[in-house]
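Input: structures, listed below.
The same chain A turns up in both complexes below, where it pairs with chain B and then with chain C.
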Partner chain A sequence: MQYLRMTPELFIQYLFAGITYGIIYAIVAIGFNIIYNTTGIINFAQGEFVMLGGMTAITMTAFMPMPLAIAVAVLITMVIGALIEMVFIRWLESPSVLRMIIITIGISILAREAALHTWGESVRALPYFIGNEVTSVTILGAKISPQVLWVIGVCSLMVAGLSLFFKFTSLGREMRACAANRRAATLCGINAKNMVTLSFVLSAGIGAVAGCVMSPITYSDYEMGPNLAIKGFTVAILGGLGNSLAAVAAGLLLGIIEAFSVSVLPLAFQDAIATSILLLILFVRPHGLFGSSEAAGLKEF
Partner chain B sequence: MDLWKRYIPVLFLLALVVAVQLITHFTETSYYLTQLTMSAYYSVVVIGLCVLMGYGGQISLGHAGFFAIGGYLAGALTTHSLLPIKSHGLVAFLHKIGLLVASKDLYGGDLLTVEPWAACIVAVFTAGIIALAIGGPVLKLKGHYLAMATLGFGIIIFRIALASAYFGEADGISGVPSFKLLPGLEVSGSFGARVLNYYIAWMVVIMGIILLLNLIHSRVGRALRSIHGAEEAANAMGVNTARYKLYIFVLSAVFAALAGVLVTHYNGGIGPSEAGVMKSVRYVAIVAVGGMANLWGALIMGIVLNFLSLRGVFGSYDDAVFGVILIVIMLFAPEGILNINPWQRLKSLFSLLAAKPGENTTE
Partner chain C sequence: MLKVRNLEAGYGKLRVLKRISMHVDPGEIVTIIGANGAGKTTLLHTINGLVKVSSGEILFKDNNLGRIAPEKIVASGCSLVPEGRQVFSTMTVEENLILGGYVLAKKTMGGIDAEIARVYELFPVLKERDRQLAGTLSGGEQQMLAMGRALMAKPSLIMMDEPSTGLAPLIVKNIFKVILRLRDEGNTVLLVEQNAKAALGIADRGYVLETGKIILQGAAQDLLQNRDVQRAYLGRETD
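This part shows the complex of A and B:
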């Protein structure tokens, strides 16, 4: 069933493409996890943070140098994340899951429509961080764009930074305390509501950074969010909801499967693959590839 | 007595349908009938979904998928000519038993297509079978997982419609012939048949409503409400929750598919946007605004919102309007817009505002 002859160079090429997309999916999945851990909510608007980050940065580059533009865009997205939480979620008292699903879907629609009316339907991109679209470095005989290395590098740094943050800073520990037992955390003097806001800020922030570094190679447009969200969710489920390191492994897995699927299936069906994997995982192992089925027995799917 | 009470609103609806037609006739605004017909068909999806979501408590973000399965299959079967494979045994057999019709296309070329009735049955049946097949595993899931799984199903259907040449890729299917229900009674978008089609659509809605009203007042309906209330308790009482959920899921899928078939014949075509995620979200929004477990609310909102949307009242903010509706309803009136007691709302809003400063000082 080989439509393309797989040379070692081509293999490396596909592998890098897979890793690039995979790590972006992982970042979106971690965004889901951060919010899920502190609130038990799946934020259906997660993909919109990535879109907003990329699109804002592209607009900002007209006024300032690119590194500054990216920083400003990430900050703006974080503020938007905080606003969303404060306006729509903070004051609800134990809302039902169905209600939260519908509200976050509504938020994602609003973000998308706002983007459509601000930036229009056109596809944009940030300039390459180093060189241009034909610049390449040779790795094991395959030509790889330096931007790919930027994406992999920045996202890996974010993952490492986040795990350090959650492990070693008091703020990170407080957030984890809220995730583990909100009531007990509140009794210890932690303001659980602020931790929820912080989780939205963090997850908007990492989404926006991912949106900026990926923009030169994958481009940005107003409707990129839902597609990323569904793939990020697939990855989050694949790794076991709430488990961020497993999400990285699952993200790489999905990215690589997608990249290599191009050699056997028409490109048009690529997006259907992630979704089919999602359905399959939900049906067969809803606690994820790496989650334990015992712990899953206590959860509701 | 009770039965009589149940049907009074139906009679009222029937009278209203006739009255609206007469009014548009005498005020010469019968162009409204086109959108009212379309709204009626979309409302068939909405009332089916309402029973699934409101009474069964199961969210589905994939109902545009079932609508598309119905519409696309009916469209493709009645449009794509089978002449090139006429010698195939199966085609010859179908032709012999009268399930195929010969016709001419726009340019006078010969066509051999599936009879609309047969296509309709195949389309609705396929949607039912698919719902049955995925319903088993999907309905075991709850909350976010159920939402994502149904969303995923909708996306797969959308991708298939967009990627297959058989379903016309981005262009969709056009030139779908009219659907002769009975001699002299056909679903078509032709100008002369506008009033007739308005009544056909509303008859479908009324039949659907009667079916669902009977359903929710039957044993099945009580079982569904018990599932919504407390699934474990219902299970413990001996209600086969899995079976009832599946049953209602398939039924709502069939409603959506039937609406898809009729809309496709009425419009003479279908495009991939009908299968899009936004459409599914829109159906959910309408059910939510109508008050979830409120069949009449869902119907009224389905007609009003679809009519306004089809008239282009919302302009380029169409999707945004539905987004705002979703958020506002879910934030302030999760029981639906028709169940709001304004005074009560105002009072609770004031008490909320009064409580705000106190809450902040606890920091």
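This part shows the complex of A and C:
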């Protein structure tokens, strides 16, 4: 066997790698969910938000300190998210789900081409937040890069922050109302269109933050979006569309499966795993691991 | 309060409402009765801005509602209790009411607790279930919640679309009692019903809608005595 025997240290190492990727997938999936919940569509440009966040931050570090560069990049991506909604989605009058999905695919191609022209094909990365690529901390005998802890920490904070936002703020409550019943929300006097814009802004924001913290370890380039979108989509479906806590569980599951697959399968198969899981779940349990088939039956898409 | 003049509206090329004129004065219950597909719901949706006006006008407190977005119409004091309750089923009873108070909270910068207390006083059963998910309520309770949610906006005109649908007679009686009480407290109600007998029983005036046209109007008592109404909507044989 050319593969290493699994030692406890190696196990921890794989586990952390799995959690890191898993939580990134979860963030992309939550981005899908936020927009899905208010509009009923899958925004296939979600991966591009991650790309734009990372790439913009890398450019900005030339002009300002990194924390500020990241903040500016996240803000810019949020504005782009709002513009995308206002230019392409808002003025459509009762568009079909399919039409909106195709629009988001178009937006994703547009964003990628724009990124190619702006930044070229080169692969870039933000500097490590603490230390450099060889700095490590030892956890249970395994050597872990501090950046991994940054990714896990920041993404967990975002997940917690989002659930608090949706549960306890009035704006969050109004967004949930639009998700639960858009017409009834309108009849309460809530401007549902603004809530849709807000959902694009939120999704763009969390995508951009993820794009920044992951950049030092995963690198950023103009075409990283679709791959992330497929992983995030798999996770969103696996958890059950619209359910963000389930997305975290499903994200960690996929991340960890991928990480451990390296020890039994050639690396080239890693990306095939997500696609296989996606196909399997769509055939066997289209409402996801945690969703109910009854609720799925009522959904338009 | 509300004046509708020569109103026409519909979906795409389909004209559902044909030159409808009607009005509602402050402090009265007006009912619109008619069979399935007569255009009752479309009329309410057009007043509320959910369906576009093709021609004619809708004057609410002397403002033309013609091209105004539904959420602004709600903010101006015209609330609709939609057909089939349409509660936020994944949210609690209390959250539903808080959301109903959205326009009020915006106007008064907070203070909706008094309104919530008033709704609980009107429907004590909602108070008992305030932490329960709205989707788990019975049909009657959901109807009360939908009414309570609309009342949270302190509307000057409250429109109700078929509140009796699918409910047991005893519960219908209860709900109609509340509508009467709302009128006695100075509210104005526009009630759309298929249950013509019950609706005319509590209303001051009524309109009969048939295939998008108003074919009869008058005091509710007169309509109850009207032979055509009796034959067509009250299921009473007259010879």
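What we mean here is this: the second predicted complex is superposed on the first by the 296 of 301 C-alpha atoms of A that agree within 3 Å, B and C clash if a C-alpha of one lies under 4 Å from a C-alpha of the other, contacts with A are read in each partner's own complex, and residues count from 1 in each chain.
Going forward, a residue touches a chain if its C-beta (ideal position, glycine included) is under 8 Å from a C-beta of that chain, and two chains touch if they have at least 3 such contacts.
All figures in this text were calculated on a predicted structure; none of them were measured in a lab.
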Touching partner for A:Arg183 - first (chain B), second (chain C), both, neither: second
Partner chain in contact with A:Ala272 - chain B first, chain C second, else both or neither: first
Touching partner for A:Glu174 - first (chain B), second (chain C), both, neither: second
Which superposed partner A:Asn191 touches (first chain B, second chain C, both, neither): both
Chain B versus chain C, judged by how many residues of chain A each one touches: B
Doubly contacted residues of chain A, that is, touched by chain B and again by chain C: 191
Chain A-facing residues of chain C, complex: 48, 50, 69-71, 74-75, 79-80, 82, 86-91, 95, 98-100, 102-103, 105-106, 149-150, 153
Complex contact set, residues of chain A against chain C: 170, 173-174, 176-177, 180-181, 183-192
Interface residues, chain B side, partner chain A - complex: 57, 59, 61, 134, 137-138, 140-145, 147-149, 151-153, 155-156, 159-160, 162-163, 277-278, 281, 284-285, 288, 316-317, 319-320, 322-327, 330-331, 334, 352, 363
Chain B-facing residues of chain A, complex: 42, 44, 88, 91-92, 95-99, 101-103, 105-110, 112-114, 117, 191, 226, 230, 233, 237, 266, 268-269, 271-272, 275-276, 278-279, 282-283, 286, 300-301
